[in-house]
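Shared between the two complexes below is chain A, which has chain B as its partner in the first and chain C in the second.
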Partner chain A sequence: MSATQQIEPNIDHYLAEYARVERELPGSDDSKRERQAELRRFSDAGFPSTREEDWKYTSLRPIEKRRFEISDEADTPSEKALAPFLPAGLDAFRIVIVDGHFSAVLSGLDGLPPGATVRSFAAYLNATDGASIKAREIDEEPGSLTAMNAAFFTDGAYIEMAAGTVVDKPIHVLSVASGARDERMTQVRHRYVMGENSQATVIEHFVGVGDNPYFTNAVTEAVMGRNSQLTRCRVQQESDKGYHVSSFFAQQRRDSRVFNHGFDLGGRLARIDTNARLVDQNSEVHLFGVYAPTGRQHIDNHTRIDHATEHSLSREFYKGVLADYGRGVFNGKIIIHRDAQKTDSAQACDALLLSDKAEVDAKPELEIYADDVTAAHGSTVGQLDEDAVFYLKSRGIGEEGARAILTYSFANSLVNKVGIPALVSYIEAALLAKLPGGQAYADLA
Partner chain B sequence: MAAHQEDVEALVAEREYEAGFVTDLESDTIAPGLNEDVIRFISGKKDEPEWMLEWRLEAYRQWKQMKSPKWPHLHYAPIDYQKISYFSAPKSSAGKPKSLDEVDPKLLETYAKLGIPLHEQEMLAGVEGASYPRSNNVAVDAVFDSVSVATTFKGKLKDAGVIFCSISEAIQEHPELVKKYLGSVVPRGDNFFAGLNAAVFTDGSFVYIPKGVRCPMELSTYFRINAENTGQFERTLIIAEAGSHVSYLEGCTAPQRDENQLHAAVVELVAEDDAEIKYSTVQNWYPGDENGKGGIFNFVTKRGDCRGARSKISWTQVETGSAITWKYPSCILTGDDSVGEFYSVAVTRGMQQADTGTKMIHIGRNSKSTIIAKGISAARGEQAYRGLVKILPSAANARNFTQCDSLLIGDKCGAHTFPYVESRNSTAKLEHEATTSKIGEDQMFYCLQRGLTEEDAVSLIVNGFCKDVFKELPMEFAVEAQKLLDVTLENAVG
Partner chain C sequence: MLSIKNLHAEVDGKPILRGINLDIPAGEIHAIMGPNGSGKSTLASVLAGREEYEVTQGSVTYKNHKLLELDPNERACEGVFLGFQYPVEIPGVSNLYLLRAAINARRKYHGEPEIAAIDFMKLVQEKIDYVGMSMDMVKRGVNEDFSGGEKKRNEIFQMLMLEPTLALLDETDSGLDIDALKVVADGINRLRSPERSTVLVTHYKRLLEYVVPDRVHVLYKGQIVRSGGPELADTLEAEGYANLETDETAATS
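For the complex of A and B:
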């Protein structure tokens, strides 16, 4: 409460920044009014503080004390700089956003099947009468950073699948922070509208290439029609100067399925909120996540699944590998609402602590208001099994290699679930590159 | 089968609170309100030394700066701390009775009615018609509203070197011990309710087990709230010196009243090298009626410090009463190889709410903790398990196992789990698991076709669910807890 009463010079900075860029922001006059309301929500609440339960383990001070600005234009990185972030052999449609601006040059959308729309969110807003900055179908949980995004976002991906459309190739949504200038912020907003019986796979990829500190604040909305299926692979590889905050909201109609895979490898500080609301029967959500904070990284995953009606299913598995001074936070909330009978939910979060300086804080929460349900959760924190290390050593594998094999295989089951071979190899390589002993593993393989 | 489910719920719906009577007794109660004068009055009434009064006043000053916690999963109207009377004592206890013969017969009657034997000679296992049978090998300290009325078996304990008396007496007789340990585990400014307790605590038990002594009998305190509009603020301090052992039991009841009464207690345990403290509670404060009218607000801070190497503190609790329970018996595992345990059964029915759990803070090397929490929620009860397991960098090879299970009876109740795990040592191993279920129709069917009545079947299943905790209770308490659970859930499940 006191946060709102204090004079917050940084909030003033963002009010001024909004005034500076408002004219350039996409959308009609009506949507500008929506943005202004969101800006007020943000300025009233300010940045969340660690006194709030949801932010107990993650302090946003490093973001708060800086004054980030919107990039007026993209500093398009060279192909060479971008090349390491394009998974080899990945056959995908590609939409690229650089510093919050759609880049037609880097994108490749030819050959989309009829019924599938993939375009710049800004272009969609400017071209569509009555388009709203927030998906009307989604009961979004208010959060001040999502409000900040709604006020400031410059672009993103707009994907719409007409009823019955199935896209067989993944859609690679690549958001690049050029880091070419100091203290820039990238506010991107994606919306995926899945019509009845449609199917799509989206690789939502965040990368940072430059040396300057920057801030990415992303929001993704998924409107899940009846019997639609969305596979979303979020790969977060911000630079080590990057601050990353992102939120995902899915609202699911009858028989719809969401498979969400999260890989958090980059960023100085990353906070990811993943929310799914199952509002209709027989809907399913599967959340998988791997986070690997090393060095001085701080990675915080918050998930929330609302079983709002009967007969729905959720599965959630998160694994963390923490080394050096890495700090990991996992908070998984499952709410089974009154009358959400026959809900079937299971959740597990495991963490592997590889260093005494690393820290993990886990909180798997259950809130249950219905009695005929199956709800279970489990959580473990531990280290490599010395017997297993010994076994591998007795087979002629060196100490480092043995530890690397066990460390990687801990995360491996969730990496494989992605199911796109080119992406699996890409994530595996990226994960090995940062885990201790990764080179030893690569040498063995 | 659906019909059967309703029967189950109907069975849980109503039961009488057996301890709900009021003892008509003249008592010395001060006017409601809280200020420094009230604290001076309490301190003066107890003839306390100056340092104790100062300690209380400092606590009060700290408390005034604090705010009531908002984070629990509990809903209640704000408590007006100026409307509570902070001291009430039966008039007859003005001059401390020298023997039980001098104790007001009405008081003795109250305890007899509750099944708490205060007569050392006459005690038999299981007082006729009482719901709290006790064997005669238990020393009892009986606390009535704000004062301790009697402590039994003092002589026998003295021979063993054990000090067991009310805390007021300890302040007079053993000030050096009280000064050394009071507030050393739960500091005055620890939390809102502990701060309030430190300022206005009226009585409670004091236990000191000297080096190497195994306490010859179980110690027990029985708390009873009787007077209207009063709060009970007791403070218990148990010190187990190196190599000693003690088992301590605690029970509580209150009359049936329409308004809420506040109970804010603090319990501090200190275990030195190789010492072991076993602390068992059966909490059966008046829970309010099925519409949530009346009942005790139970805000308790319980914490044990395993200071010594290889020390052990074990908390076992059966929580069936109170309109609101806010309670987290915790262990600070400072000593190397120290052990902390928490076993809990909590039942909420009617409109009861409970937010309970534990904290295990691992500091010493090889420290171990076990948490088994069983929650049963029926009717419109709301229950939350809230636990913290924290491993500090110094706690190499620390080990924790946590299991919390919830049983839901009826579709209007709630069961929630908020387990916090914080690990900062790479050699620590932590496990947590939680499940939520209801009484299965096939379980019921199996029992019924074997000839059990519905009530017996439910009782069997529920007792099986709680077995892991009950087996940790001392024998007499286990029987009592099982009975209590049966009456609590009587008419709850069918």
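For the complex of A and C:
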């Protein structure tokens, strides 16, 4: 940043905040220099503005005008406060981060198979010579918020699967914002390193419990080795005072497969960027998502799939459920690069408007530079089928109940794709609980 | 049971029912026939409470209720059942779930406790046998990937489960092979009792050979233009609806 350039007061705040916490941040002195470079990248660019095409519909003003601070330690919530966020019957390894700090007491990692590492990212950085704050295997993590995260992140989950390792139970990565103090930020970074032929399922779960406004800025890196498979279920249930921004970057080697399921139920404002780069042959990415802004929530999903070389496959299906004054954005960019012959790609985004005050902008965005490809895409925005509403009412079910049941039916096919029954039920019940009259039909889940 | 007086209904300002008068005493089965577009489904929908149709004149009494003042779900809880001409599909919501919710809605409405899971399953087991459906099928989503005939069987299954006092069956016999038709007829006959009434909307005399109606009415251009005993169905089958124009003049004058 040049000395003459005017520094926005809010950026100034984050520079000062970095100076305050730098000593406490995990990692070597070298990694602190990496962090400083990232901080400069953030302060030069500032927060994204609605003048940028990718941010046209999502204003970060409410985040910019606040002065969020790193929590020096966790305000660990009570068991009772956390209980609703632990899916009943879910048999999983668990790593818990509270206010950006690993919590050994809440985590449960016993019994991991040999070859599987699940630990605090901070502990990994501190213990590993030459560990880098950003995965070297990932080409680029564009965006000023990812830079902010790289500068500030305090902890996260570090998961590494040695070649051939298969973990049969899901790994529940739970990041909790206690909301116990005003204007705190949790900057978490997760890294999943999938060795050749390894396989794992990660439930990446963001929840908020308190009453105070807070900011979550999360980045997840997935380094996909040859023929590895990652299923990532991202469940976003920030509190209604939570501002959530997150980015996912997967870099996929030959024959690797990523199944990414996103469920955005929470947050006052949420912006999620999901990126997959298919840099090698025969790699696959499947992106599924359900977003459900109700009340005055604003939820924006941007996805980007780069088919960089030939013979790769992508499937992408998103569904939006918008009620009350809910505002949704979906932008699904698929770029089929010049060398990506024989790419097979399909995308669809459907949105259901449950109120005339709700609004959605959902669009696929396809850029094709190769000539021998299969690429299909579609987009629909609609309302509930009134014939179906009447059908249910004619059986004795009230108006709101009928609408909740049909909304459940709309989202159900995508939720089911998660394939973990306890998690499917949990998500469906959480979705129903958000809908007027839905609570009475929570047993559908 | 049901008394319809001078019922007029329209959709988007277009009159469809133009003065229907019809009395259906308890214990009787009445068939309503008539050419395409004459208003048969509209009549059934208005009785079941579809809001799309605006009732502009007339009244309907059902048991002690002013039927038109009840919401569709209240009508259902009071024992009205509509078998749909085109049943809808609701993927991901099982037939069993819908039925349990429907039964419990009725119970709640009448201040009764929810049905016990075991009693519910016993009831299901008994009724699926009557209609030749399998447990697997009823565990699937409501009408999800059902054939036309299976959807109609499912309507009868729902009717048997809900035991309505007034069943309005809109072409439940259309598009069925003879086996399925017998299932539908058998279902209707099973519920036949002095406390229940049924309205059969049909195009075909075939059903009426298995379910002999007490009365047959002809609906034409939104009015009942002719009524008679079961033999009227034979006349209509032989002559078609060609002479109805004159009937209509007779009815309005």
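Simple rule for what comes next: the second predicted complex is superposed on the first by the 429 of 445 C-alpha atoms of A that agree within 3 Å, B and C clash if a C-alpha of one lies under 4 Å from a C-alpha of the other, contacts with A are read in each partner's own complex, and residues count from 1 in each chain.
FYI, contacts are C-beta pairs under 8 Å (C-beta built on N, C-alpha and C of every residue); 3 or more make two chains touch, one makes a residue touch a chain.
Keep in mind it's a predicted model, so treat the numbers as computed, not measured.
Within the superposed three-chain model, A:Tyr408 lies in touch with chain C and out of touch with chain B [touch as defined at top].
In the superposition on chain A, contact of A:Tyr441 is made with chain C only, not with chain B. With both structures placed on the common chain, the touch criterion links A:Leu174 to neither chain B nor chain C. In the superposed model, A:Arg338 lies in contact with chain B only, and not with chain C.
Once the two structures are overlaid, the count of chain A residues touched is higher for B than for its counterpart among chain B and chain C.
In the overlay built on the shared chain, the residue A:Ala157 is in contact with neither chain B nor chain C. Within the complex formed with chain A, the chain C residues making contact are 45, 48-52, 71-73, 75-77, 80-82, 84, 86-88, 90-93, 97-99, 101-103, 105-106, 109, 141, 158, 162.
Chain B makes touch with chain A in their complex at residues 71, 73, 391, 393, 406, 408-438. Contacts from chain A toward chain B in the complex involve residues 53, 338-339, 341, 351, 353-383.
Residue ranges on chain A touching chain C, taken from their complex, read 385-388, 390-399, 401-402, 405-406, 408-409, 412-413, 416, 441, 444.
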